[in-house]
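Take a look at the structures below.
Two complexes follow with subunit A in common, the first pairing it with subunit B and the second with subunit C.
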Partner chain A sequence: MQFLRVVFAVAQKDLRSELRARELLPALAQFVVLALVIANFAFDLDLVSGPRLSPGILWLVLVFAGLVAFGRAFAAEKESGSLEAMLLTPAGPAAIFAGKALASAALLVACEAVLLPAMAVFLGSPISATVVVTVLVATAGMASLGSLFAALAAQTRARDLLLPVLALPIWVPFVVVGGKAVQVAMSGQSLAALPLSSQPLIVMADFDILFLVVASLAARFVLDD
Partner chain B sequence: MTPAIRAEGLMQRFGALVALGPLDLELAPGERLAVLGSNGAGKTTLLRLLATAARPAAGRLDLLGLDSGRQRDRLRARLGYAGHQVGLYPALTALENLEFFARLHGLGRVDAASALELVGLASLAGRSVGQLSRGQQQRLSLGRAVLHRPELLVLDEPDASLDGEGRNLLGRLFGGRTVVMATHDSTLARQVCTRALLLRAGRAAGDPWSLRVVDA
Partner chain C sequence: MRSLRSSAPDPNLAHLDTNSLAADRRIRAEDRRLNALTALALASMLAAAGMIFLYAPQDALQGPVQRVFYLHVNSAIAAYVCFAMVVGGGAAYLWKESVRGDRLARAAATVGLVFTTNAFVMGMIWAKPIWNWDPSKTWDARVTSTAVLWVVYAGYLLVRRFATPGRPAMRLAAVVGIVGFVDVPVVHFSVQWWRTLHPGRVIDAPGGPALPPEMLLAFMVTMVAVLLLAGTLVAIRYRIEARRDQLEERAVAAQLELAASHGPR
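The block that comes next holds the complex of A and B.
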């Protein structure tokens, strides 16, 4: 019970700080819109090619927005000394980590709330419930390992370089499987038509569970020297 | 009586550099130790070990009768630490900062409010930390260190940004607790501490027992 209390306290503190300071969310929203505008010109998108390239553009933008969102989560606290202050309480590193991962995931979801409608407007992408669910399922897994690597990278001087090097390869399953799911959904087909063994949402949920377990086990060693 | 602090051959190194020790130290419950020394003498390194913020490279360290390496989680509920950095959240108010740390300790809003009162910041409870002066932030950091009524208090230069009134506050915060405090101010050390340890290049300078009573 105390574990959950700490998780929610940490997440609430992070989100409240962000809502007051407005450091990350406006920048992320701006990044998302600018990335779509650049993609629009770079790929010379029209009504035919826009929806066709949308799944790739979605995952590219999401992955880089994720790097920014997770990267700030621990770096700022490490610099200010507040991470150490938290770790010196009896709260436990795993609960603190989970709270920070939850807040980072919420920020990424807020970013997705801008990204998906913007894709519909700029690229004419058909955004269905399946697309939304796919992105949310991927966010859970990306947040768990992304936050773990962000915590690891925050201990080093080259944190801005280290996080992409560590996180991007591990996020590949979400890009591959999630890309497939979004492609199917945007082409108007149903995921139910795919065989059970290659159901993208089930595969991604498996990765979510695996990454959550790994991250929660490793958090103590990463955070508490 | 079990010593509040017992260190035997305590040592810390960063790569090839020996930053501290080997150091032997014993402090009885209720004693207040001032750690003195010039910059780079090893004061912060020693305090971080005592606060369980770092693990020693060698030696044994028992705090409040518990092994500081194996029983860290139990220890952290019983010790308070204020380091060089205030480690607060500038976007949150003074009270929200303490409430947050109170929740991490399993405590409530009342405890946060009473800690704020103790450090003389009750009138600034609703002001965001980013709008507080450095000295007020330092007081708030001290409030966080005593929020959970720790038996052992470890403070790294708590007087650095405090005015005269703030320094008087230190004596009030200490109460009957065991305290280890790093400072450059030997006058303050005499006022609020009962013993002193002078560090030079990571080793205890002075008498062979590492510790000497300040006024002796």
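The block that comes next holds the complex of A and C.
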């Protein structure tokens, strides 16, 4: 209970400061829309290729928006020296880490709330409930690992360089499985047609649990000096 | 002024001593052991080459290019063994603050990267005539997970370079080494279940190895040779890293001594 209270307090603090400063979210929303503009001209999209290339564009934009969202969460703390201050409180490092991961996941979800409708409008992507659920399930796992490596990279000299190098390969499972799920959903098929052993949502939920456990075990070593 | 060369060295700094007769003997013994290990590794690699090119039969379907198999698969195995050492060393550091564990991890990460690269290059040579560079085939489960492995441990070395030297670098690198290793089977299975192609299990195939006994013997000899080579390289890197740590410790000790001799009495 105490653990959860700390988690929510930290997450609330992050979201409140974002709400007051309005720094990250407008920039991320703009980034997402601009990425779609680039995709539009880079792939020369039309009515046929738009929906066909949508799954790939979705994951590319999501992954890079995630890097920015998770990176900023810890970089900002590091710049103001407030991470050390939080670690001096009796709150455990794992709870602080979970709170920050939760807040950055919420930011990425807000980002997705811009991305998915924008894709439907600009690229004509068929966005269904399955696509939304897939993206949300992937966000949970990406947030736990992304925040872990963001916290780690923030303590080095080259955090902006190191975070993509560390996080992108680790996210590959989510892009592989989520990419397949979005492809199936966008081509109008139902995920239920896939065999039970390779149900993307179930497998990704398993990954979420695994990485949540790994990240919360490792958080102590990343945050504690 | 007392110096590190004094005849009665500080017992706490005994391991930094490189000038006394005893230290000289110790270093010479280390040299001999490493030289013997290197000679053994080289001899067994030569024996393996003989087995691969002279003893093992030619593959009926693929021809001579199939002989890449022996080094390709065994390089990958050696790389996995090295990265397992990175995980073990990192865990030893996180658990017991063992600097030796960290040193082993440092040594094994570099060697593991070399063997992963080797497995890749051999794989490309083999894949060119057999798969013909079809992109849908080159990104199968084993290639993808090995590529992820390569990038993760390249990142591991980058973390070491960019983190504050000393304990912070050891701590952060250990986390990267362990979490990265956990990710590899996940990548492997996710690709295997959704898009794949690599040959199935050959050596540990259910119902006995799917290889003629001559090929299996050549494979096993090569495995021993490659693992010996990897072990030798790790031992050499470990020694280099130990020397580097000693040098740093000595610099600190010398500075402390200098400060003490100039400080107030």
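Assume the second predicted complex is superposed on the first by the 225 of 225 C-alpha atoms of A that agree within 3 Å, B and C clash if a C-alpha of one lies under 4 Å from a C-alpha of the other, contacts with A are read in each partner's own complex, and residues count from 1 in each chain.
Note that contacts are C-beta pairs under 8 Å (C-beta built on N, C-alpha and C of every residue); 3 or more make two chains touch, one makes a residue touch a chain.
Since the structure is predicted, the reported quantities are computational estimates derived from the model, not experimental observations.
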{"item": "Subunit B versus subunit C as contact partner of A:39, first or second or both or neither", "value": "neither"}
{"item": "First (subunit B), second (subunit C), both or neither touched by A:170", "value": "second"}
{"item": "Partner chain in contact with A:13 - subunit B first, subunit C second, else both or neither", "value": "first"}
{"item": "Partner chain(s) touched by A:152 [first = subunit B, second = subunit C, both, neither]", "value": "second"}
{"item": "A:91 touches, of subunit B and subunit C: first, second, both or neither?", "value": "first"}
{"item": "Partner chain(s) touched by A:80 [first = subunit B, second = subunit C, both, neither]", "value": "first"}
{"item": "Touched partner set for A:210, first subunit B, second subunit C, both or neither", "value": "second"}
{"item": "Contacts on subunit A seen with subunit B and repeated with subunit C across the two complexes", "value": "225"}
{"item": "Subunit C to subunit A touching residues, read off their complex", "value": "94, 144, 147-148, 151-152, 154-155, 158-159, 162-164, 168, 171-172, 174-176, 178-180, 182-183, 186-187, 190-191, 193-195"}
{"item": "Subunit B to subunit A touching residues, read off their complex", "value": "51-55, 72-74, 76-77, 81, 83-92, 96, 100-101, 103-106, 128, 144, 148"}
{"item": "Footprint of subunit C on subunit A - complex, ascending", "value": "145, 148-149, 152, 155-158, 161-162, 165-166, 168-170, 172-173, 176-177, 180, 197-198, 200, 203, 207, 210, 214-215, 218, 221-222, 225"}
{"item": "Residues on subunit A engaged by subunit B in the complex (per definition of touch)", "value": "2, 5-6, 9-10, 13, 16-18, 20-21, 80-92, 96, 224-225"}
